[in-house]
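Before anything else, here's the structure in question.
Each chain gets a letter, A, B, C, D and E, in the order it is written, and its residues are counted from 1.
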């Protein structure tokens, strides 16, 4: 039961759910949640491959850096959301159609 | 004499460290850290001298070399597809060059501490100067074209900064921009050549390129319809042309006078401009293989002659020197082209010494008199005796007077050129190369002595605001009022660098025998050290080359690659040179060049000291005008290339955009839209109404729904599109 | 046995919480569901023997990212802000509506099928490796990899984080009210 | 290699006997043993938590020259039981504006976060439920659930006091996690491993073998850790989130009865855990001074040593609470970011340099000569 | 007889399970034992006796976010430092201490740069407006 395929399926489900969250939600923070899910699905794939396919830990390192980058992404993304809210007083994604102001 | 990282790295690293410290802490150091920069160059000099000593006086075989590498980065574990090695490659030529660069740079630094004293840009100047020097040293040390290119670009940036150091002056800014942009043209080609070599060989190490040439890997390879070797050689030489300011990319160098004079000395004498010659020499086997030596020779000859003609009418002392630099660089390139490998490199070294000295002397004059227009100078011999002495020695050298260094090297190039043009059975049109070369030699003697006579002899005109343009004797009775000119005293920082450099203008340093043979032969001797040590790379010996790890002590046999016999080798492409003809060519060339040089000096003497011959400017106003306009290259570039060409292209594109695209495509779309709109209206009126109100409502709603979602221009929509494109990609390609 | 229990419970937690993120209408609850999902992924890492990555997941996400997201939600007015924008049907559409969900599901299904296609191709090509139930410690190996093979990425990540810190601080810094 | 308490017990013969009893079913036996020991630890910690409230009152009374609880049982010892009964029988009130699901969830998060840390606490060399390779790192990571619980508790109540307390609590806990983590990093660097077995095993029983006195930087790191840990557990003088003079009762203003009890329990157990970690990392942990034997009775001695150190620290925590005044909120933040964090970072650098320069030897080893 | 290595994770799960059990058990006890007399006034949020005005879920100051931001960056950096720190002694024993030290210190120095930047820019000041005006008065 615990095989590469099961991990891949779980990560695939996560990925698809992340995509649906990104598309269905209109709240920017919720879209960031979807991005986190997608990133985690990718990281899970790396670790699963690292155990089941390759013989080294490069997959672990990669998922470690994915986590690092996800944290940086969340920090900057949320900062942008907050700034956006201060300007527009909403965090509706459809308001974010202009590149300035 | 074992080389590890510790004995090589300080050459390059100590100026870098000085740069870093000066860049960040320079303002807080006493004297803004100029002593630190000077000291760092001195350290480089010490280490370079050690290497030089080992190579010249040591027990190395004459073709011994050190090649140490380390892996810079390796992005591929298994297949070494993207692996970049860095390393050092030291042979005799590198050793000589290192000593020259670090020595001259040290003297220039020392001089600069005097020259830039109390200057507002003092600190900044001493930030860039060591970086510049370190880049040149790194360029000389590097063993591959890639790291060479890196240092090449660092130098480009530094020269940009040094030329434009007085950034409040608009002209300085323009000049720096010009230097940067013009050299960029060449750099693009150099990078292109490097990338082409990389793609072809998988490495840009000198030794790998040599080995590839020896193994005949280039045979039969073509790119864009021309031979691959020709293509890469041409690209690399175009890069060298940009850096060494060869025709037609020479326009930046005269304008580079805007910077402080010691900076000019460093750029024009020791470092930057010689980088192009250096890479030509390093890639000489490739040039030969690519059969572009005739092109190199012609470019060099044209530059040498053209710059010399322009120099005869310049009035700015630094401009004269700048054009003379151009001319001498032309000689070097010409030397490379005519197969005079040894002499071209020798001219590089000798020129570095006397041109640095000339520039420093000019700096000394300018700093003492605060004037650089020659018509406003004159009679400075009494006030600046040391400067006069140094400058006269250098002028003698550059003019090609016997027993001076310039004669030794230039004569040899001219002799080879003579052979190349007339006797080697080449295309007869190439006879233009020696003709232009000899003409330029005469002009060199003329304009250099013109400069000397106008500056140091005759009446002192420094107080006279109305310079008379040409240096004949003006109104009598003007005793020198040079009360603002102080007699120079022997100052360690002002004069001693000049005098040290002046010592090295003597010819016997370069054509003597430092390797133990007889001391007497001054020229023509075949065993002189320079000829023994410097020779064109023999590519065959690099076929099974082994490199060493950077940190490992050099444990190879010191004499493992010994040539049984040295013969005078010109190494140009074609059949073996006829020794007899060559010798006679050299003899003729030596006699001719001595004669021409003295003729030039004599003419200058007649014009500017005796005054018996009026300067010919009034006689040939058209030619003078052309020369004063520098053949109109600047105007050509600005008016034709940039204004007409580039802006014209812009206008054409704009016309296409507005005239065709806007008119037909956009308006056409509007028209189509109108038609659609009308048809939709018709459809609405006729069909939809006929079908019924409810149906219309539903249909329009649905249509709107789809359309609005698709046309929202929202982030999520793009995301959906991304996913869809990905999916379609996967499905269509059926991965 | 225990491992399989852990795997199943983690997988169920992961998937159900991910679906929770998708389903609930409250952004705060979404965040908490995301927390559950991330904890489940940490459990999955643990079943894969990636102890360090698992703990890193907990440390960074639970301790950092989720709290940051909750902060951001609070800073943007909590859950019950009213969007000025209206969706197609004239309703406030902060957390999506059935149309967006329909589109999302459509895209999701397309992506799912695409990926199944991809995975099917990949799994055939992959070498089969025998799996032992041994779980050697990964920490020292990761340390060696970070210091030796991936040292550039290690150092660069610090620079990346510095950049993120500076950039985000500049963006989020309260502006002076004049 | 992760050592566990079961793998420790399996050296002894009675383990085989137990295994036979469980029909050689390793997993079930391990599960049972773990469950039993976990129940023991939880019971012990709950008792200590309960006794903590009692001790706090008694000590505070002592410090303030009062008598303190003395009605229920001898010396009021049964006061904690009375408190517990009272909590259970209090009415469970939830504000109607509250976010009900999160209101339920918040204490659970706190409780889970704290309980999960108990799994790696080294009571003795054998009696450590799971000596993970990533022990201390795991502990730091999982205890961040507490901060989340505090924040969600404050949020879910939908009361102004709670909200402020929750925000303050979360930002305080995450802020102070940085100096604490970096101080721990210094110890990890000295020990050469993250597992508690490694860290404690590298120290000795006598004070000069402790990491606290390993080098000057570690000495400072101990104090940085102590201050940060106090703040992380919301203890005085860093009890801003529940400052009764400002915020009524902070994030648990709206919590009553059993749910409040869980918050309180989690807090007291967390204080215990933090003290235990400090004892293990800096004060030699369970090492018995001067004796190194590997027999079963030794475990009891080690346990006693560990508990002694931990409880002394626990006493100090209570003592500090009644001695120092509470900080202002801006002082709180500047203490963390402007003092503790830079100090901790420089300590870490100092420790790294010390490691390289003195080849990992402690001061005592340098002075007394290497053993 | 040593059980499978992986059972080291079992205690963690057990402790978490115990926490959940205790939680629900406690709730159950409270449901059984506690009185249940709800009233509207009782379940209003406590505001010192006043009737609550508005929701507590209002916007908060950005400084909370800035603190969280700095925290998460430092958190991630310390995560990356943990494995390096734990093999530091090993590397030192292998004679690569200098190398490890350079790697480690250069990593930390970037960390210091981050905190220095935030300090300089005043992101670490909790009460900014007060301090800024204070400085201006001093000038």
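Points to keep in mind about this one:
In this section, a residue touches a chain if its C-beta (ideal position, glycine included) is under 8 Å from a C-beta of that chain, and two chains touch if they have at least 3 such contacts.
Fair warning: this is a prediction, and the values are worked out from it, not measured in the lab.
Annotation of chain D and chain E: jointly contacted by C, touch as defined at the top.
Chain pairs A-C and C-D differ in how many C-beta pairs are in contact, and the one with more is A-C.
The chain with its CA mean position farthest from that of chain B is D. The geometric centre of chain B is 54 Å away from that of chain C, both derived from CA atoms.
Each chain gets one centre point, the mean of its Cα atoms, and the points for chain A and chain B are 51 Å apart. Computed centre separation for the pair chain B/chain D is 68 angstrom, with centres defined by C-alpha atoms. Distance from the chain B centre to the chain E centre is 58 Å, each centre being the mean of its Cα atoms.
The set of chain D residues that touch two or more partner chains comprises 1-2, 27, 31, 132, 137-138, 155, 167, 171, 174, 177, 193-194. Shared interface positions of chain E, defined as residues touching 2 or more other chains, are 4-7, 9-10, 55, 57, 60, 62, 64-65, 68-73, 75-76, 79-80, 82, 86-87, 90, 100, 111, 118. For chain A, residues that reach two or more other chains under the stated contact definition are 19, 22-23, 64, 67-68, 71-72, 74-75, 78-79, 82, 86, 94. Those chain pairs judged to touch are A-B, A-C, A-E, B-C, C-D, C-E, D-E. Of all the residues in chain E, the ones that touch chain A in their complex are 62, 65, 69, 72-73, 75-76, 79-80. On chain C, the positions that touch chain E within their shared complex are 2-3, 6, 46, 49, 52, 56, 59-60, 63-65, 67-68, 71-72, 74-80, 133-135, 139-140, 142-144, 146-147, 151, 154-155, 157-159, 161-162, 164-166, 168-169, 172-174. Those residues of chain A that touch chain E in the complex are listed here as 64, 67-68, 71-72, 74-75, 78-79, 82, 86.
Across the complex, chain A is touched by residues 712-716, 719-720, 723 of chain B. Those residues of chain C that touch chain A in the complex are listed here as 3-4, 7, 11, 14-15, 18-19, 21-22, 27, 30-31, 34, 37-38, 41, 44-45, 47-50, 52-53, 56-57, 60-61, 64-65, 68-69, 71-73, 75-77, 81, 83-85, 87, 93-96, 100-101, 103-105, 107-109, 111-112, 115-116, 119, 123, 126-127, 129, 131, 138, 141-142, 145-146, 149-150, 153, 157, 160-161, 163-165, 167-169, 171-172, 175.
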